[in-house]
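What follows is chain A paired twice: with chain B in the first complex and chain C in the second.
For the complex of A and B:
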């Protein structure tokens, strides 16, 4: 058992780093995902991943396949798109998802045009769908930093976050959004997603962003409980997912997300089963 | 602004028109509304009653004229018929009040033991002590109203905006809410949107009637007489 579950991580450094990266991502996502689900913006990650293309292409053209440059390119583009759709939503009363979709398609089309001129499309697409088993050291450090900042902001402002989610009308009326606070929060969101894209790939990031928070919602009895369960669950599925990908020689991102989904289904099935037993008893 | 407040005036309208872009709902509103006042807003659906309340918090709805409000947004409480709370985030009644306080104080270590004591006092005052650790999602319509009222008391609200506060409330809760309203009347400006003639007469307050973009004011006696004439009944309260 030990040799199956723990030894691979002691033996191979790349596996250890992949596990750490997945866990760190999961910790940050357990907060970001919870907020996105409550605000009904679950698929924002998917939209944003494509919308980051022009920034990534430009960074690639200027600096080549350099993880740091690609991260900055993606982060800044994501931040600009989120800010623009936030502006439309709050100042022009355009629905949040409609504004985001508008800027996202604009951005994707720009990105594809840029990429087409450079004939490096496949390389860039490969970069957009990262590989956690070959994680770059710089991205790993960045992920740790981003998750730490996300958790600090959450714990520091726990009650404000709670009120912003439970009663947004009250929150907005008492604390009118100042531009720097909005910019800071959007930068954190965007950074979380970018480190996810760079290491897990776009689609799998959405998986890790949504599934553990759903488990948290099923089990948690408070906001903190929801985030806590979600973080615990993502640690567990990262570990199992990376192991499956190692032993079964399959890609790591899909392994983690598939395990997470299976875990969620199993959990809900058990809850249904328990409820049924309680009703018949 | 502060001059207005020292005179006890919370809201001063001079020829104000309210509405949304491309749609004007009410015009030529003028008047001073201040501490100890209670106003009832009536009118058919779509006449702009809720907009009248909303515009106190959202100045972008004021299309022309001048409106001065001497009360900070944190001191304006908005009690809707069905509070737009997100029930999917678990939050207990007590935590809801503590979080509201934290948002207003907005500083690190916002909530002190003294604040927690005040929260418990407010819960007792609005009759929700036994529900303190219950999730807000499990509250009934009347209890949710009491919770919002509790928040208004906790934050020392000076303007209370009540949008059909009794529509989802049973008779006993309604009585409790009226008692609370009466208790804060000397300190606050209360603006109520009401439908039921019985409630309107029970409010014992001037009535602002909005109709097809215009407004006129009825005294409680005038409103009562109109009711008698139109329906030939005298609601007794």
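For the complex of A and C:
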């Protein structure tokens, strides 16, 4: 049992790194994902993963396939899209998801035009996307930094976050946010997403952003409980997913996401079952 | 104004469109440009530095295909987008798949250290390795096939084409001899090389080297944790000295393996594309020489 579950991690550094990266990102995502789900923006990760194209193309043209440059390009693009759609949403002219879709698709079209004009290809986006089996020191440090800042902001503003989650409409009516504060939060959102793309790739980022927070919601009684369960769950599925990828010879990212989703389904099924028994008893 | 338009229009009509040959990617483009008669243009759809595996047919491709007298492609699943683009462009130029009738590497024929690895892991192309141009002998066969098709398409200039073919084949022949001589000096226990995607099978078969890669033939499929782990173990066991990245591939996996095993990355190899013009692999012969030099330096 030991040799099956633990030994691969002792023998190979790349497996250890995969696990550590998933844990670190899972911690940050457990907060960001919670907010996104409440705000009905669960698919924001998928949208932004395509919409970062123009920034990545510009970064590539200026600095070549430099991981740091691509990261900044993606981050800044994500931040601009989020800011523009928030601005529209805030003035109540457009719904949040429509605003986001608008600017995201605008951004993608700009990126494709830019790529065509400069004789690069849209496949450049794949230079930004990482793979959980190839986590280098730089992206690991960046992930720790982003997760730490996210948690600091969360703990500092615990009450506001709680209120914003429980009743966003009320929250905004009693407490108009200053623009720099919103900008800071959006920058953190964009950083979480970009660091996810750059380390785990788009699909796994979206998976870890949404599935563990859903589990947290199902199990947690308080906001801390939700975030805690969510972080714990992402650690567990990352570990199991990497092991399946190792023993079953399948790609790691999809394995982790599939395990996470299966875990969520199982949990919901058990809860349904228990509720049904309680009703009949 | 109207006069100017009439002049412009008649100019457009009278201007003889230069005959053109289209190739799927930069390496075939270079081969073709060595063969075609002087007044024929060669256009490569996938330019140097772009990935043919992941290309998608564009409107510009259709335009070029439509004007083509002949279209050259590797086949064997290397350009999955081309057939459709060729058909929908309404091109009258014949599409010639140069690997047709050629003996291709299959997953079962690979000399893997772990034979239990099923074939399902390595053939996103439909089971055959398309990277034939990395074996000079196979490139010479493709050049001969191209020249034959060109003579049929431009019968008036067949003497010129034959002359060019002969000169180029001589050049390729001496390249082949040179590579053979260089690699025969490599000791038997040092003939294991790691690259980022599994493109060098033909090169390895020709020079008696074994190539392993964390990624399959195509650049589309992610490796599993097991594949990466097996590679690391093989590098440790066989004391591999040579670890390379290719142009066009994400080098993160190779960097990770390099960090974990302490083997330095020996340089960049060119497999699926030439480099831009003032680069180390501006044409086919330079590309092969650059790859050979890079590998030999690391194996020393």
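Some observations on this one:
Assume the second predicted complex is superposed on the first by the 267 of 281 C-alpha atoms of A that agree within 3 Å, B and C clash if a C-alpha of one lies under 4 Å from a C-alpha of the other, contacts with A are read in each partner's own complex, and residues count from 1 in each chain.
The rule is short, and it goes like this: contacts are C-beta pairs under 8 Å (C-beta built on N, C-alpha and C of every residue); 3 or more make two chains touch, one makes a residue touch a chain.
Everything quoted here is computed from the prediction, not taken from an experiment.
After overlaying the two complexes on the shared chain, residue contacts for A:159 are found with chain B alone; chain C is out of touch.
After superposition on the shared chain, chain A has more residues touched by C, the comparison being chain B against chain C.
Contacts of A:279 after superposition on the shared chain: neither chain B nor chain C is touched. Of the two partner chains placed by superposition, only chain C is touched by A:13; chain B is not. In the superposition on chain A, contact of A:4 is made with neither chain B nor chain C. Of the two partner chains, chain B is the only one touched by A:221; chain C is not.
Residues of chain A that lie in the contact sets of both chain B and chain C are absent, per the superposition on chain A. Contact residues of chain B toward chain A in the complex are 57, 73-74, 76, 78, 83-86, 88-92, 95-96, 98-100, 102-104, 106, 108, 110-111, 135-136, 151.
Those residues of chain C lying in contact with chain A across their complex are 47, 50-51, 54-55, 58, 117, 121, 221-229, 232, 250-253, 255-257, 259-260.
Against chain B, the residues of chain A that register as touching in their complex are 38, 156, 159-160, 162-171, 173-176, 217, 220-223, 225-226.
In the complex of the two chains, the chain A residues touching chain C come out as 8, 11-15, 17-18, 65, 116, 119, 121, 123, 126-127, 130-131, 133-136, 242, 245-254.
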